[in-house]
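Order of writing sets the chain letters: A, B and C. Residues in each chain are counted from 1.
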Amino acid sequence: MPDKEDPPAPRPRRVAHPLARFLIRRLLLAVLMAWGITLVTFVLTNLVPGDPVAANLGQRALGDPAIVAQWRAEHGLDKPLWQQYLIHLQGLVQGDLGTSQQSHRPVAQDLAEYVPATLELAGAAILVSLVLGVAFGVVAALRRDRLPDHALRVLSLVGISVPTFWLALVAFYVFFYRLQLTPGSGRVDAALGSAPPVTGLQTVDALLAGRWDIFSSAAGHLVTPALVLALYTIGLLTRFTRSAVLEVLGQDYVRAARAKGLPGRTILFRYVLRSALVPIITVAGLAFGSLLSGTVLVEAIFAWPGIGQYAYKSATTLDLPAVMGVGLVVGVVYLVINLIVDVLYGVIDPRVRLQ
Amino acid sequence: MTRDPLARRGLLRRLPEAWRQPLAVVGAVLAVAWIVVALAAPVLAPHDPLAQDLPRLAAPGPGHWFGTDQLGRDILSRVLHGARVSIPLTLLLVTLSVLIGGLLGACAGYFGRWVDETIMRVADLVFAFPTVILAMVVAAALGASLGNAVLAVLVVAWPAYARVTRGLVLGIREREFVLSGRLLGFSVWRSLRVDVLPNVTGPVLVLATLDIGTALLLLSGLSFLGLGAKPPSPEWGAMVASGVEVFDSWWVATFPGLAILTVVLAFNFLGDTLRDALDPRTARAIKERAL
Amino acid sequence: MTLEISGLKVSIGGKEILRGVDLGLAAGRVHGLAGESGSGKTMTGLAVLGLLPHGARASGTVRLGERDLLALPAKELNRVRGGEVAMVFQDPATSLHPMLTIGRQLTEHMRHHLRLGRTEAKERAVELLGKVRIPGPAQAYGRFPHQFSGGMRQRIAIAIALACSPKVLIADEPTTALDVTVQAGVLRLLRGLCDELGLAVLLVTHDLGVMSAVADEVSVMKDGLVVESGPRGRVLREPAHAYTRSLLGSLPGAGTAEPGGPGDPGGPGAGPAPEGER
């Protein structure tokens, strides 16, 4: 007797099409968001109560209406706002982020110089947070309602409650100033010189050049700021991993895997973590955002020459073009990170990959 | 027309369970202590927080238990008075973001269509920035002052409430008791107020409790960056910033930082316990244990 | 008796869910376990393999040959699970891991329990898929669960359960989550495998129609106790216990219908409206 079930329609095993469509949609969305970000920074720049003319021209020039008018015309300030925005957008496309009032250099040039250091710091921090946060979260979930769970709960709550800028200062004071365990400020011992820049990441460049002395110095300089920066995200990821793992542990397929007599390790890594990874990478994407935020508060204290310190200096001197440039670049970096998270969904979950 | 009594009383019913958790007790005690400090700072503080009449950078000791800063002000008194600056502002901030975000989210969820689209796309845009960066950008654009810092934090804080409220309202809007009310001819405003509001209050309050910590961290962070409170004000973030210049006098930065930490911790302890009380899965687990 | 449950008690947080259950499963026989939601049927099945939820306590004995499964150390119990006693769950949409291929889920416990190599395991897996009548078994091997229909998924779950040639199969409401039209196919498959492989099957169901179609023995549970047990014909035709009578009474056209034979798919799905157990 034939079965009444309909056999699945024959289709190739791996369909590239749905994934490509998914990615294109996300990409378009990202472009739209990027455009939104430029709108936000532009509107904010024009919100400034202070007259940009006053900020850029000397007192004497301000007294002469002809000079003021000429300056306004030169900078397109006499045109309607929407035209100004189009000019601004045109500049952005050509990589013109304006000129820093502080360094008197193009903001884009400043940022290009500082971005690699921040990426190295934030990259190290997200790595540490993922490893420790996921490990702690898994332990807490598996030892649910027992001592490790309670201890990790308090620890992660403390982690998300510590003011990062204060922790940076305390760590600097204790480990460098008092105990002299860690190297002080900067990225590397100046005496060692530096490896030829390839990626802009000191540790990676040093490895590429085979300079172990520079690598260990750079890594040593990286440890404290990265850990300070990571504490918040470790707390965040611990809490989140715990609840994600608990949720998966209650799923039928985990019970089915246990009924198959698979060893606990296999179940944890293959069945539980694989599913929990989807919510975890979502939060990891958000966590990266808070890491980028944190760099503004941490880099200044460790004299880490990244965009965080640049943003700090720009903010304290109210150097608006520089602040907007940082906002724009960080917004775009964050967007790219979220795009990567979207791609990872497809890699992890076949239901996204194959419709 | 029936209201959903379970949904409404869910949080309240489970609350006693939550209060028995040691974390919640610690959090509540700390929070109440700080609120008392904020109210009674003038009585509690041994010195005038602005008077520069003590020896400069004196280490903690009798007469000035937290030491003095580089201008000869008593740090203990400044930390206590700092509670009067930070705590009311933070509470105001969170209240405002709940009201603004909640209202916008409720409108988005209730009316749908272009109202929903507009509000949620703006919220998405805010979410596209890491919070400190956006708050910093906004604060810098508005000019450095405590009021503008509050405004900047508000700008980044409301979308979270809008999202949560929208989701909850969407879930409730389609339920029978709301639909039947609308069919009976009650106004939109009445059905929002009577049917929808009570059902979203619990989750939003939990979110708000957790957000008090985040808001304080942001606000003090902006002050630390020099975008918030102006110098003589005993604001904690600004006090930590002034400690950076004299970091070998550790007490200048340490105590205001600890103040921030304990306030944030208090509300995070509270919020975390409340969230567990709200989360049905965990609540079930608690019930299973108690049976 | 291949598997003998006696005096099985389970409590969760001080509340007794099972209050002394006795059941025996024999090779080549399907033992139906009936009862309404909350009567403890599912718990009985889970307790056999020690899969009870967080915080549950079990006492009594579950004999498999010489061993008492309840007293077995975790490592040896793991060898029994999947190897000697296998299980099929209610909803194939949730009991298969959505992100792992069918092949992976079919072979991993074979390789672990039977120490098969990659190619041997794959060969056997494809053979099993054919046996549970999945069309195109070789292609199905590399697919993911969401690419199959519900009935197919349950067949795959059965194939997974049978992969290590167990002696006992516990099927927990295996047709409840399926469309009525595909229930018969899955039940026929179970019955056929039981006869062909000499499996001892425990069929947990709230659906007396399903029961009458395939079970040899029937036990009826209420409030954590087995209230009646015996050959299908006697229990369903001349119920001794009032509760069994009321269960039968709730069946449409009950009492008059002659239960079909083992080979006859009868009228499964005619029972009371399926209600989720968990």
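Rule of thumb we're sticking to: contacts are C-beta pairs under 8 Å (C-beta built on N, C-alpha and C of every residue); 3 or more make two chains touch, one makes a residue touch a chain.
No experiment lies behind these values; they were computed from the predicted model shown.
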Can you check which chain pair, A-C or A-B, has more C-beta pairs in contact? A-B
Average the CA atoms of each chain to get its centre, and name the chain whose centre is farthest from that of chain B. C
Determine the centre-to-centre distance between chain B and chain C, using the mean Cα coordinates as centres, and give it in whole Å. 52
With centres defined as the mean C-alpha position, give me the chain A-chain C separation in Å. 49
If you average the CA atoms of chain A and of chain B, how far apart do the two points sit, in angstrom? 24
Using the touch rule from the top of the page, what residues of chain C touch 2 or more other chains? 54
Going by residue number, chain B touches two or more other chains at 289
Quick check: in the complex, which residue numbers of chain A touch chain B? 33, 36-37, 40-41, 44-45, 47-50, 145, 153-154, 157-158, 160-167, 169-170, 172-173, 177, 239, 246-247, 250, 289-290, 292-294, 296-297, 300-301, 311-312, 314-316, 318, 320, 323-324, 326-327, 330-331, 334-335
Show which residues of chain C lie in contact with chain A when the two form their complex. 46, 49, 51, 54, 78-83, 86-87, 89-91, 94-100, 108-109, 112-113, 133, 135-136, 139, 142-144, 146-149, 151-152, 157, 160, 181-182, 185
Tell me, which parts of chain B touch chain A in their complex? 23, 121, 124-125, 128-134, 136-144, 213, 217, 220-221, 224-227, 237, 240-241, 243-244, 247-248, 250, 253-254, 256-257, 260-261, 264-265, 268-269, 272, 281, 289
Touch list for chain A against partner chain C, complex: 3-8, 10-11, 13, 144, 251-253, 255-263, 266, 270-271, 274-275, 348-351, 354
